[in-house]
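A short worksheet on the structure shown next.
Letters A, B, C, D and E mark the chains in the order given here, with residues in each chain numbered from 1 onward.
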Amino acid sequence: MSQGPVLELRGINKSFGAVQVLHDVAFSAYSGEVTALVGDNGAGKSTLVKCIGGIHPSDTGEYFFEGEKVHVGGPRDAAALGVEIVYQDLALCDNLDIVQNMFLGRERKSGLVLDEASMEEMAAKTLDGLSVRTVTSLRQHVSSLSGGQRQTVAIAKAVLWNSKVVILDEPTAALGVAQTAQVLELVRRLADNGLAVVLISHNMNDVFAVSDRVAALYLGRMAAQVKTSEVTHSQVVELITAGRSGELGIKNDNGAAA
Amino acid sequence: GGDDGGTTAAPSGAPAASGASIGKIGVILPDSKSSARWETADRKYLKEAFDAAGVESDIQNAQGDKTAFQTIADQMITNGAKVLVIVNLDSGTGKAVLDKAQSQGVATIDYDRLTLGGSASYYVSFDNEKVGQLQGEGLVKCLTDDKVEKPIIAELNGSPTDNNATLFKNGYDSVLQPKYDSGEYVKGPDDSVPDWDNAQAGTIFEQQLTQQPKIAGVLAANDGLGNAAIAVLKKEKLNGKVPVTGQDATVQGLQNILAGDQCMTVYKAIKKEADAASQLAIALAKGEKPAAPASVKDPESNRDVPSVLLDPQAIYFDNVKDVVTDGYVTKDELCTGDFAAKCTEAGVS
Amino acid sequence: MTTETLPEQQRRNDTSITAYAGGYVDRVRGGELGALPAVFGLIVLCVIFSILRPAFLTPGNFANLFTQGAAVVVIAMGLIFVLLLGEIDLSAGYASGVCAAVLAVSLTNQGYPWYVAVLAAMVTGVVIGVALGSLVAKLGIPSFVVTLAAFLGFQGILLLLVKGGTNISIRDTTILAIANKNVPPIVSWIVLVVGVAVYAGIQLFRARRRIGRGLKADPFTLIAFRVLSLAVISGVAVYVLNLERSRNALIVSLKGVPIVVPIIVVLLIVWTFVLRRTAYGRHIYAVGGNAEASRRAGINVDRIRISAFVICSFMASIGGIIAASRANSVDPNTGGSDVLLFAVGAAVIGGTSLFGGKGRALDAVLGGAVVAVIQNGMGLMGYSAGVKYVVTGSVLLLAAGVDALSRRRAASTGRR
Amino acid sequence: MTTETLPEQQRRNDTSITAYAGGYVDRVRGGELGALPAVFGLIVLCVIFSILRPAFLTPGNFANLFTQGAAVVVIAMGLIFVLLLGEIDLSAGYASGVCAAVLAVSLTNQGYPWYVAVLAAMVTGVVIGVALGSLVAKLGIPSFVVTLAAFLGFQGILLLLVKGGTNISIRDTTILAIANKNVPPIVSWIVLVVGVAVYAGIQLFRARRRIGRGLKADPFTLIAFRVLSLAVISGVAVYVLNLERSRNALIVSLKGVPIVVPIIVVLLIVWTFVLRRTAYGRHIYAVGGNAEASRRAGINVDRIRISAFVICSFMASIGGIIAASRANSVDPNTGGSDVLLFAVGAAVIGGTSLFGGKGRALDAVLGGAVVAVIQNGMGLMGYSAGVKYVVTGSVLLLAAGVDALSRRRAASTGRR
Amino acid sequence: MSQGPVLELRGINKSFGAVQVLHDVAFSAYSGEVTALVGDNGAGKSTLVKCIGGIHPSDTGEYFFEGEKVHVGGPRDAAALGVEIVYQDLALCDNLDIVQNMFLGRERKSGLVLDEASMEEMAAKTLDGLSVRTVTSLRQHVSSLSGGQRQTVAIAKAVLWNSKVVILDEPTAALGVAQTAQVLELVRRLADNGLAVVLISHNMNDVFAVSDRVAALYLGRMAAQVKTSEVTHSQVVELITAGRSGELGIKNDNGAAA
């Protein structure tokens, strides 16, 4: 199934002031596959995702989409390409309700007027598929939601659209057992439908359960990007914590993070 | 002072009952900050006059806010005023109020300021250009007394948004401009003071002095601005050497004159003005149509407005006592501390 | 793993009026007070003033209230857009002054017809808004500083336009009519009936559509109640305003709804519609609630910012026209003194937050009414200048205190 | 599972000046600009005015700058505490007026000695602060509304205190000295030397202690650089202020540092110390940054709120005393007109955020300096009132624009 | 080791407006033991913790501490009793740095002045023990930290103090493999030192690895509070998702959440 990658980054560098967070990172995502992006806390996973989403401009580096070089100057560019992202810090507007958040920036209209009814209908359908039982009303402000409910809303928001790439930054962190299973199932389903899915997770079981490829970041460097079937559980953990594992990984590791 | 007690007491007496006899008189004063006179003098004298005549009155202050001015007028008409005495904030709102009153059958008097194009039955005032003229002449007198050659004059005008400040300036410029033109005097910095704000006046004058260190005379449009200039001059011990003018005959201004720091002030015998206005108002309330000694032509509508015009008086060291004699300022207020000796010297008793 | 029915779904059919009323009481107890506190404060004020001064309750005074408060309400309505973003516009007062001056200069000095002058004033407002908004959004200068600079600058421009201290009279009867004339009684009744009917129609239509799609909708009894309240309240207001209020009706008859009232009502409807029913309005709230989240959602945050300033200055221009009409003139103080503070205060008293994300167009009307009632009532009391300031301040605090105390529960349930 | 060394630890010994300078440049590029933009704006302004009006650069004008700006700087310094919490105090200007009036009444009307009068004014400030703070913190009324009410109320109280508009002269020489007299040159030199020495001592002591504990400390070269800059800048200022600036030196000698300068310096040191080195200051920032987190951390948020208003009003009282001293009198405009806007503007220009959590006492001085320079410079230009307003506004915008543009990078690196 | 519970709640009810979130909940925590509090998303776990911490006042219910009935009116009361909580929404001040956040409200002073040096030293020591490698400086603002780094700071903040009860609301949600292990070890260590530890988690492996007791919330009701050794993995999952499991759980489950 794997032709060229739908999304490809090369040589990404990113610094915040004096601190260099990403060092010459290369990363690809393929249609129909789930790519797991793993790495220790502070490895730079979320920063990489934000560079992909146009939240942070990267200092240097190239961005290819469907083989063509593109410039992503902001979130609108990324969305226009068909890249949907669930950020780790769940960018929701606390003063809006669930439906409003889910359709933010892409409201359905009939004429000039918002089509609240159809938005509510679609939102309910999507959330139903994610096993949320305790939400009393779709018109509840997201500020009053529990941690897991917020996360579910953020996920539902991202999968509502017809996109080509879906990136989920630790989507199951706050989810319960049933909800986690649903989300993993959803991830698989999205990939099977031909989308490229990037999943960031610290849970190795989840990673091995759904992913086709694993990309491991170590202190801001890409340690390895391999097929999941070709590595073992402990190899991946070694890549995460030490940056290399046998053949794989960063060759000349000097351990300097900054 | 002591105005608050009196006015708050008045409306608490049942308004409808006693007002039935000859109707109520409403007075709208313009503000409380451009000059001390409105709250300290006009309110007091008008109130006294109305009370003495047993007429019910309602005296309010618009605090320099045109909207408030119109609101108060609406409220007075609502409250059943028979006569409205207004000091307009500007001719536009003034005219709006006068026209509305007239349409409701309420008689009106322009007090102190003529509403151009308005419909007031009477106009009672001091001549504001005359005030300015006295200030200009006063400055010339003091400079002549000091025998200053080719003095550089700084002007501290009133608020740029206050039409009266423009009138004052017209007055003193009518005296000073010929002297500038003839080269007898030199025109120095010339600035307006927003809101007649004394603190800003201090900064403005300090900068005038920095810009033009040889300023030899200051035309300050009122006592407060004058005092601000004097405060700056004091730092360089130039106070008393550079004459400063004023207006309103405030305690502060008079004390500055006694101390020799201020050249002159302009005293407007507000009691006379208030008495004239209140007499007209009472007569109107009674349904009479009193005669007026003079008339003023409204330049906008070319209407001859029946008028009572009063003369302002220039006050120098020698005639400070006139203000005290008039009762406008008491000796107790004026001759505190160090000023007791000066008072004696100036013949204040 | 289980796919139980959502409680939501269970509730969907539970649309009886009692369930609704119960829900409303719960919401109120839970701190979602909406318009209640401001209305409550308003009623307290009106009762106090009516007791102290019976003249407060006359039809004439009722009519005055509207014209007195109109300019502040209109300016506050525009400010709400800026406040919703968590920004501030200190210059809105003087912007209204500048626009009024443009109007006056065009009318009186240049002799243009009234519609040209009004257009010129409005265009001025829009231009001001674009300038302020761009400085804030594009250069990133804090709005407080930009509008403080504008506050000073506009004061100067106003002075230059009206040439130092004088004032420009307005004699155009159309403009003067805005704040000084009334709608013929018969017209106001017709408009009222049509308006209520349209409102009822929209409500019913929407409920039908939601029910058609199987969504929870307002019960018909509630809709009937809403329509009825609207009809009664506005009916009473129109009735009172249509009473004769001239003091000598023989000379001149004075009755009818002041023309500013329909203007405010139209503006209120338009902006409420924009804020609640359009994507643009949604984006305003989103940017005010969380600008970064909005940016990530693909909203053009800069454009939203600029547009809010444009609306604010545009509304200021309308406020300026109303003020000019009411004052029959424009002078260098138009839009000055406390106009801005009262406008912002009106919005905040109405329930708009200065931190952004929370507010409605109605807040301007409710808060503006509080401010207008206070000024109107104080005008009847006959205090001296100093005392009046003190009492006005205290009354404002009282009105806001009633509001705050009735909102206390909101904090205790964890929603601020 | 691995216990590698923290990069932090690797860096701890890397304390050379070059590493530090590099870090500073990086920080600046990364958007942490601190005082730079305001200083830069200030320099631009001074250069422009000096070119246009040579009189701007005279020692006399330099001395004027301090006395002209003092009151606004002091009020702004107090306001920063309120702004740090994300609140606002609209009444600070008139609060200073009320305190000044209390001072003037005690001195002139009641004839009390100056220290009693000063105490009375300060106590008035504290009482005002307690009242405002309690209303905001305990009743939960938005501070905008509370202080708007106070803004009106204090205007009235001020009018009542000065009896409806008269000016009260101040003739007490001690009070007058504050804004009008200077420190003897020799004293100022001694204080300067002692001050710089103490500063150097503290810096060295602190660095020693940190190194003793094995923590990263500032390198000695950096400390030397800081001490030297302080010594040079303040030395030049004192030198210039100690030049003769009297216009007629024969009659009266006018030289020395104006007395307000040490007052401001002391206040700046005290409040900087409070904000940066005490738990109370830390809590102010915490509450401003995240009130809920602070509450959960056990901070008494209400008490912090009230105290901030107390400090604000207390500083306003000092500002009022300085203003009264400078004007030699108190009138109903003291603390009125644009004082408040300029004070808040000064804080914001200095870099304080209106949203809370970000600001320093120094901001008031820097921003106040910008405001004072603008007013001072404009006073030399001789424009008419209207033009002056317009130019002042534009210059303010220019200064803020320089600031904003130099901060742009901050936004691009994701920190706002 | 188990005498009476150090912390005991009885009959806690809590509503937000119309929505009742907690129904007559009883809960105990014992010294020297780790109590796992589990439940589905939106079950009310965080709300219960907030009631314990005094963040939300409970509507009705009794609060016993060391056997005595106490009133907890706010976070300060809870802290005074010796209850330390890591909230799920990590209450940190973004405008303060790591050290400042860790000592917030309990700054160390020498005289009037803050003792920055000793605070920095202590903070470094505590964080070292939690495997954070990528924090460049302890003087970094927490706003610039990664998700896991923020969580670590919040945990470090809570365990820095001598408390009797430590409650951790999903402390490992954002943590990497190594960090999670460290935190679980820390949890065990705290309990072994005689503290009562309450751990909220969706990860059953973690729950069974460290806890002595399990309390399961189901739609705002306490389904069961049992010894971990007496239940199986799948029983707990059943309690979470269905509210009962055989003998255990809510007897008359009518499923009404609201």
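Here is the rule we go by: contacts are C-beta pairs under 8 Å (C-beta built on N, C-alpha and C of every residue); 3 or more make two chains touch, one makes a residue touch a chain.
This structure is a prediction, so every number in the text was calculated from the model and none was measured.
Novice: Need the graph distance between chain B and chain D over the touch network, please.
Specialist: The fewest touching-chain steps linking chain B to chain D number 1.
Novice: For copies chain C and chain D, work out whether under half or over half of the interface numbers are shared, and give different or same accordingly.
Specialist: Here the answer is same, because the shared fraction of interface numbers exceeds one half.
Novice: How many angstrom lie between the CA centroids of chain D and chain E, rounded to a whole number?
Specialist: 43
Novice: For chain C and chain E, what's the span in angstrom between their mean Cα positions?
Specialist: 47
Novice: Per the centroid of Cα atoms for each chain, what is the distance between chain A and chain B, given in Å?
Specialist: Their C-alpha centroids are separated by 74 Å.
Novice: Specify, in ascending order, the residues of chain D that touch 2 or more different other chains.
Specialist: 1-2, 4, 7, 11, 159-160, 164-165, 338, 384-386, 388
Novice: Can you list every residue of chain A that touches 2 or more other chains, as numbers and ranges?
Specialist: 16, 55, 132-136, 144, 178, 241, 257-258
Novice: Give me the residue numbers in chain B that touch at least two other chains, ranges are fine.
Specialist: Those would be 3-4, 32, 38-39, 43, 160.
Novice: Please output the residues of chain B touching chain D within their complex, sorted ascending.
Specialist: Touching chain D: residues 1, 3-4, 32-33, 35-40, 43, 160, 189-192, 194-200, 202-204, 206-208, 210-211, 213, 223-224, 227-228, 230-231, 234-238, 250-252, 255, 336-338 of chain B.
Novice: For the complex, give me every residue of chain A touching chain E.
Specialist: Residues of chain A touching chain E: 16, 19, 39-43, 45-47, 88-89, 132-136, 144-149, 152, 170, 173-180, 202-204, 219, 237, 240-241, 257-258.
Novice: Sort out for me which residues of chain C touch chain A in the complex.
Specialist: 1-4, 6-9, 11, 209-210, 213-215, 277-279, 282-283, 285-286, 288-290, 292-300, 357-358, 415
Novice: Can you tell me which positions in chain D touch chain B when the two form their complex?
Specialist: My answer: residues 53, 55, 58, 60-61, 64, 68, 71, 108, 159-160, 163-169, 171, 180, 246-248, 251-252, 254, 323, 326-329, 331-334, 336-339, 375-376, 378-380, 382, 384-386, 388.
Novice: Hey, which residues of chain C end up touching chain D in the complex?
Specialist: The touching residues are 86, 88, 90, 135, 139-142, 144-146, 148-160, 164, 338, 341, 344-345, 348-349, 353-355, 384-394, 396-397, 400-401, 403-405, 407-408, 411.
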